[in-house]
Amino acid sequence: MTTRALLTLLGCLAALSLVAVGCGGDDDSSAGGGLITADGSSTVGPFTTKAAEDWKADGGGDVTVGISGTGGGFERFCAGETDISNASRPIDEDEVTLCEEAGVGYIELRVATDALTNVVNLENDWATCLTVEQLNAIWKPGSEVDNWNQVDPSFPNVPLKLYGAGTDSGTFDYFTDVINGEEGASRSDFSATEDDNVTVQGVTGDRGALGYFGLSYFEENSDALKAVEVDGGNGCVAPSAETAQDDTYTPLSRPLFMYVKVSSLEDNEAVGEFLRYALENQNAIAEEALYVPLSQEQIDEQLQKLDDATA
Amino acid sequence: MTTADATVAQPTATALPRKKIRWGEQVVHLVLFVAAAVSVLTTVGIVVSLVLPALEFFGEVSPVDFFTGTTWAPLFLDAHFGVLPLVVGTLVISFWSALVAFPLGIGVAIYLSEYAAPRATAFLKPVLEILAAIPTVVLGYFALTFVTPFLREQLGVQVEIFNALSASLVLGIMLIPTVATLSEDAMAAVPRDLRDGGYALGADKLQVSTRIVVPAAVSGIIAAFVLAFSRAVGETMIVLIAAGQLAQITFDPRETIETITAFIGATGNGDVPTGSIEYKTIFAVGLTLFVMTLIMNLISIRLVRKYREVYE
Amino acid sequence: MTSTALPSSIQGGKPRRAWRNRVFKLAMLFCMFVAFGTLVVLLVDTIVTGWPALSEQLLTGLPSTLPEEAGARPAILATLYLGALVLLFSVPIGVLTAIYLEEYANRERWWNRAIEVNIQNLAAVPAIVYGILGLAFIVRGIGVGRVVLAGGLILTLVVLPTVVVASREAIRAVPDSIRQGAFALGATKWQVVWRQVLPAAIPGIATGSILALSRAVGETAPLIMVGAITYVAFNPTLLGPYTALPVQIYNWTKQPDADFQTLAAAGAIILLVIVLSMNAVAIFLRNRYRKQW
């Protein structure tokens, strides 16, 4: 093989790939004009992904969805890198300031409801119901609880293995806020991950495991895990779409949000179209993606917000 | 018998023409130098991209706490920045994988170098290359979905679902080709004369291999070991998928741990919010990793130089 | 003639020697068995697990939250593009660097020695550190963002030391007599390199480049750092977001739904096919063009 032959081969390969890459975008370009970027919570991510998929199948455009965590999503959002920020908790003060300083205006849309579910291994037949106090005792900062019988003397002697949300996730923020009284306050010796699927894997593999994440992850894996009922002061309530919607599953039912950049709404028609689609079809999407649907009233309220912003 | 002076024409001031400068050659030389400089720029870039944010980090977190602390909880309200759990996790994984890779790798190398027929070698070496070419994400998946259940169910070893042992075993196997090919190269470089001398004295193959060839090739073998170990330290995907994310100091490989690389990989994940303390932990930890592999590489160069046998 | 006594270590009892040899041979065969056996088990396990999910849909379809409908087309395309970019950048830079070090550099100069040591060090740097570098300088610094081009550049840097080392070996293997002959005929240095040394070294360079390429294609860690995004449902473009096949597989492995695990295995089969065929080409080239000087 001569030098020339190799160079020619290389050159052809390069030209071919550049042409292909350059042309590749055409047949799949979005209907409304531009690409929509979404990032943030791994709890809300599957909802956004399902909405994007359905929208595309119905003639819509392209949406990319990342799962960097609610906190990470907001950082990127306020830096102007994304159009939509998925969040499993409301935007907090620091982030509001960050966005203000960067000149990023946004609107908040509630897109679904979630029930934060505590899960245990299928072989765990003792922890059917835990009180908020017990959860607090397990998860509070500096907690030394490492065995189930320390949670309740009637529980067997089984080592407690904890799996939870990473500190960048809204799930973590919400859980710690509600169970431990302050956002971010938690013991640190547990397997933390932004990706709730890893928690599922961990809990299914360990008899003494305890984890927490959004309802959709439980329902996706309800044959491999057990949900723990939570006693928030009014008796044991199991997490489900119904108990989340009627607020009996306290304190762990929470709203899920999409924050949208106002400038994206203005510059890219597709963004507004996508959100309108997601809200109008919220119930169908929520059912497919195993989220708690919103009531029609709630949906109309969000649609109104959207209209006001795009007016 | 005249003197040299009389017969050789002396060069006059203008006798030799000035050497013609070929500008094309100079340009070529420059272009080549620039190409080589890319690698230097890369290193400079790595150092700058790690050191500057790391310095910022050490402005907020004391280096003493960082290097001696035993709790790694950088992102919690009550933050702890002790990197030791991550370092221990990394070393535990590397240790166990070295335990697998070194003996098996040397065994394979000796077999290929001294015992195997040329046809067998011609077949086995490409197979070894295939093993080396398996993407690490596939290996990590294998560790989690095959090795861990195998350990638990078939061998009855009580490992956690995410554990250091599965990851180390798979990582060790992945490093066998590295150890084997480099050691085999070193052994092949040992001249036949040494072997023949041994045989001539009545030694058998075992003695020639282990007492003559291996000691003669020891510098290359050490280099192979150190390279394999440093690759174990730097490996990300296998540990990210199979070893877990629980930063704790434990030497029991059946438990869940977190390595430096897994922390970077999990936390990085494409978002790395600028300016936050999380961003900076990545760099501090990344710098630690870089320095570790750099030191190992320098040790390797030193050892090779010290033990290298030069044959004519 | 008195018989000279052989040293006892060599004399040894014949049966004991034979036994020791046998044990040693068994030990070595055990090593081979473990190494290759694991490879076989890995391949078989991956193929058996992933086979059910291998379908046209997987190769040509778009990703989805439903495992039955998920495809990896964008990921596969991105991986191929990344490979092309790596070839495009790493081969010229790598070969030119190798030529510089082997033919032009004056070893006496400290900066040339520094470049050599530097490349050795870079070969030992973990891939994820390149990811950090890429994030800081390419994604953020130059500001191209989390796009295919950035991924290609970072992977180029990861494999560049490998290409340089392989090219150097190939160039070094060309006998000096070839160079001297050309010089004697009045060729300039560059002419010697371009017309004599390089053509002779091409097979070795090609082999090394393809092996480096196959490694680049299988790399995951640096791409995770620069945000090869989770869900990308369109064909990648040079300056657009993307997800590569190894990253897609990684995302699928994290889904506990068993169907996604099967998909991950199927994705792994595709990736293995890509990587192993590159290796096969390299081995073929090496065998076909092996020169005897």
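In this document, chain identifiers A, B and C correspond to the written order of the chains, with residue numbering beginning at 1 in each.
Throughout what follows, a residue touches a chain if its C-beta (ideal position, glycine included) is under 8 Å from a C-beta of that chain, and two chains touch if they have at least 3 such contacts.
Just so it is clear, the structure is predicted and the values come from calculations on it, not from any experiment.
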Revision key, fill the gap. Looking at Cα centroids only, farthest away from subunit C lies chain A
Review point. Ranked by contacting C-beta pairs, which pair of chains comes out on top?
Key: B-C
Check your understanding: If you average the CA atoms of subunit A and of subunit C, how far apart do the two points sit, in angstrom?
Key -> 36
Study note, to complete from the structure: CA centroids of subunit B and subunit C: separation to the nearest Å works out as 14
Study note, to complete from the structure: Among subunit B residues, those touching two or more other chains are 269-272, 274
Review point. Residues of subunit A touching 2+ other chains?
Key: 39, 66, 198, 201, 204
Point to revise | Contacts with 2+ other chains: residues of subunit C | key: 227, 229
Check your understanding: Across the complex, what residues on subunit C touch subunit B?
Key -> 6, 10-11, 17, 20-21, 24-25, 27-32, 34-36, 38-39, 41-42, 45-46, 49, 92-93, 96-97, 99-101, 104-105, 114-115, 117-122, 124-133, 135-137, 140, 146, 157, 160-161, 164, 188-190, 211, 214-215, 217-221, 224-229, 246-247, 249-250, 253, 261, 264-265, 268, 271-272, 275-276, 279, 283
**Study point:** subunit C to subunit A touching residues, read off their complex
**Key:** 62, 64-65, 77, 80-81, 84-85, 87-88, 91, 145, 148, 194, 198-199, 202-203, 205-206, 227, 229-238, 240-241, 254-257, 289
Check your understanding: Which residues of subunit B touch subunit C in the complex?
Key -> 22, 24-25, 28-29, 31-33, 35-40, 42-43, 45-46, 49-50, 53, 103-108, 110-111, 115, 124, 126-131, 133-142, 144-146, 173, 176-177, 180, 201-207, 210, 227, 230-231, 233-237, 240-241, 261, 264-265, 268-272, 274, 282-283, 286, 289-290, 293-294, 296-297, 301
Review point. Taking the complex as given, what residues does subunit A use to touch subunit C?
Key: 1-3, 6, 10, 13-14, 16-18, 20-22, 24-25, 27-29, 35, 37, 39, 45-46, 49-50, 52-53, 56, 62-67, 81, 195, 197-198, 200-201, 204, 220-221, 224, 289
Point to revise | For the subunit A and subunit B complex, residues of the former touching the latter | key: 39, 66, 68-69, 71-76, 79, 141-142, 161, 166-168, 176, 182-186, 188-194, 198, 201-202, 204-206
